Amino acid sequence: MTEAASTSAPAELPRAARWLDRAGPLALRGAFAAYLLLWIALPLAALVAKGLGQGPAAAWEAISDKTALDALRLSITTGLVAAIVNGVVGTAIAWMLVRWEFPGRTAVAWLVDLPLAIPTLVAGILLVALYGPQTWLGGTLEGFGIEIVFAQPGIIMALLFVTLPFVVRTVEPILVELDPAEEEASNTLGATRFQTFTRVLLPPILPAMAAGAVQTFARCVAEFGSVAVVSGNIPRHTLTAPVWIQGEVEAGNPDGAAAVSLVLLALALVLHPLSGVLIRTAGGRRG
Amino acid sequence: MAESRRVRPETPLQRAIAVGVLLYLGAVLVVPLLALAWTAARQAGKVVEGLSQPDAMHALRMSAILAVIAVVVNGTVGVVGGLVLARQRFFGRRVLDSLVDLPMALSPVMIGLAFIALVGRGGWLAPMLDAAGVSVLFNFPGLVVGTVFVTIPFTVREIVLVLDELGDSEEQAAATLGATPWQTFWRVTMPNLRGALEIGVTLTLARSLGEFGAVLVLGGAISQKTQTATTFIHAAMEERQQPAAYGMALILAAISIALLAFLRSRRRAHGQES
Amino acid sequence: MGIQVNHLVKSFGATRVVNDVTFTVNPGELVALLGPSGGGKSTILRIIAGLESSDQGEVWLDNERVDHLHTRDRRIGFVFQHYALFRHMTVADNIAFGLDVRGVPKEKQRKRVGDLLDLMGLSGLDGRLPAQLSGGQRQRVALARALAPEPRLLLLDEPFGAVDAKVREELRRWLRNLHDEFHTTSIFVTHDQEEAFAVSDRVLILNKGRVEQDAAPLDVLDHPATEFVARFVGEVNVLDAVDKDGAVFAGPLSVPVTATGAGKLHVVVRAYDLKFWHAEDGQGIATARRVVPLGDRVRVDAEIDGGVPIFAQFPRRSSLLRGVEPGARLGIEVTHARAWPAP
């Protein structure tokens, strides 16, 4: 073993052998990256190109069209409402599922997952079947002057149906990790219930709540199927942005549709990473 | 740990919250579902008649074919992508990682429009596709494109999750014992991915059966050609054929509930019960 | 079959975890890499196995340079810290894996697996899954799996770290017996000095990526090469001392080390190289502070006049302990010590 005394860099002779071992992973990586770029990045780039194809001025004009602007505004306001409602209700549901024992707990866990499985269009149909003008309930409510389907309450109900799981699913794992002993410690240290809630419980789950709310909002702004069915597409009243875009595409105005899509795309590109950051923050606190 | 410490809600406030939440779930989810079943049952004759039309059968078959394609394509890509994202460290990994999830954050309508911009008149790929004689829009390939796009994230996510949890020590052990990467993958890694694959495939199935916006925009919902189960429902509603729409909606709801049942049983089997 | 490691260097980011490490393991030897965690021990093991690549340096196995070889082609057995058993395979399939991937005929595989199961005291467990085994059993399956393909070198990374104290002691004895039977050249990594001394023929002490000492266990104890080794091994007192014209003193305490001429010194004294006794006349140079029973031994903490703490250990029934109680004045004699120039 005396010849081992030479101290050349170990990579000299073996290059070829090492290269072979790297080729496999490299090929996989390349194929996967190409797939994503081709399927996801390229069409989105084409969308941006189309939206800005007639120049930024034309794009701006399409966006500031009264109907389009109202559609965007409606999407954002209904999305905010759904995000707030879900933030509260979703956290309560997560809390119940993790901490409480009550009859029907399994059923609740089931129900929470249901909107993930049920097609969003079907969610809309459900609401029409319940509150539609020909139904008993819908007819009765209409008699009192309350409109649900083909009106804004219907949109919000559809959005709440579709996004129900989001906050529950972000908050639940955090609650599972949260040691009830922390609350007990807080109690032994003389904190009131309210203090324990606001100073011990809330801080760790807040980022998860926010993440779920952001996801809810993002989904609402993008939601099409359920809203298309319940909204009745009354321009400037119940027309949301995605529904407006679909209408424009059908009416042969893809350029205008693409321009408004840019706003939705920009929102998605901000909200998507934001929810990622919030989730990582929430997870990081688990220590 | 929290598992064993569940308590019954005792104070009036806790009970009020519990009752409120249950009522909310009932109003938002349960009652509408029952309403659909009830309405469809009351018009059972018309529902059956509407569903036995050839266009309804065609739409259902189309949805099934699309779902199978999405499962095969994204199941394969999901395993490869999961391995790449979980096991390789390289420049740009974070970009790929968030790109994978992006379809979940985009409006399906926008996805449809993006492909129109890409392959439609004046699109970057239009000359190439024309030369090849492939027509995507308002045609079967358009449906495939839309369905595959929206289902990209599901399998990848599950695979990455499980691979991260497993760690790579078993794969290292296989290497020290003389296994080639191919042997290691099939004999050590893959058997551990079965559960993740099942879950990913189920989610992909559910999502592709339910996809509406993208296939509407890309396929145009031409009866007996590019109509899927969801676009069939949409068309039936617009034509005031409610019984057919309700019937098809009920079929889709039943399939999704079955898929959910399977999903939950798998999750429980793999200890991720929620 | 031996192994030689030359001038190995490895950095993770800005931290150099392996810094110019050179050593040889002779055929049939069982060598321990001992050091505090973060000392680079596991990294060296992983580089030898090819699980990690080195920045510089060479690894030779039986006169063959192996740096360029993939892990699978090195014919090295590796026992992982947390076993890394294939969780979906039975015990028998785990052990047979390394034979199977090399295309060894089934009949031969079965025989070898059967032999190893017997040898490891695992008979009857061949159909179990890893999750159905105890920690000690998993450890033995991991070892059997690594030995099955007859590796030319066996590497063990903190092999007993994950089992409880009693099982650990048993496994240690048993690993030593196994080695005496097979004489597979072996290297194992541990941060537990008792373990290193109990099992190995030779100990390499590593600190901050460098080899501090490479010697037989007794030599490490009796002739520590560096101040680090002296401090790391055993329970020691480290005292500041001065060299006054050839006589070394730590405060009032005389220390029997050869004059170094260095002026300021660090003196390292093991807890069993000291004598305390009760100075009845009220003389003495220290005061006893605490007397702590440690089972068969007693530890006495004291304070040398001037405020320097010092401790020693004695057999429970030692006559030296008579009158030694908190507050008592003590005489102290250092029987054995080593000194290094203070930095």
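Letters A, B and C mark the chains in the order given here, with residues in each chain numbered from 1 onward.
The working rule: a contact is a pair of C-beta atoms (placed from the backbone, for glycine too) under 8 Å apart; a residue touches a chain by one contact, two chains touch by 3 or more.
Not measured: the values here are computed from a predicted model.
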Select the chain at the greatest separation from chain B, using centres from the mean of Cα atoms.
C
Larger contact count among A-B and B-C belongs to A-B
Centroid spacing, where centroids are CA-atom means, of chain A and chain C in whole angstrom
53
Just the number, please: Cα centre separation of chain A and chain B in whole Å.
15
Between chain C and chain B, distance of the C-alpha-averaged centres to the nearest whole Å
54
Mind pulling the chain A residues that touch 2 or more other chains?
21
Residue ranges of chain C touching at least 2 other chains are 70
Help me check something: in the complex, which residues belonging to chain B touch chain C?
169-170, 172-180, 183, 187-188, 191-192
Show me the residue ranges of chain C that touch chain B in the complex, using the header's touch definition.
49-51, 70-78, 80, 82, 84-88, 97-98, 101-102, 145-146, 148-149
Per the touch rule above, chain B residues touching chain A in the complex are 1-2, 5-9, 14, 17-18, 20-22, 24-25, 28-33, 35-36, 39-40, 77, 80-81, 83-85, 87-88, 90, 92, 96, 98-103, 105-118, 120, 123-124, 148-149, 152, 181, 203, 206, 209-213, 216-217, 230, 233-234, 237, 242, 245-246, 249, 252-253, 256-257, 259-260, 263-264, 274
Quick check: in the complex, which residue numbers of chain A touch chain B?
21, 24-25, 28-29, 31-33, 35-37, 39-44, 46-47, 49-50, 89, 92-93, 96-102, 104, 108-123, 125-130, 134-135, 137, 157, 160-161, 164, 169, 172, 175-176, 178-180, 218-219, 221-225, 228-229, 241-243, 245-246, 249, 254, 257-258, 261, 264-265, 268, 271-273, 276
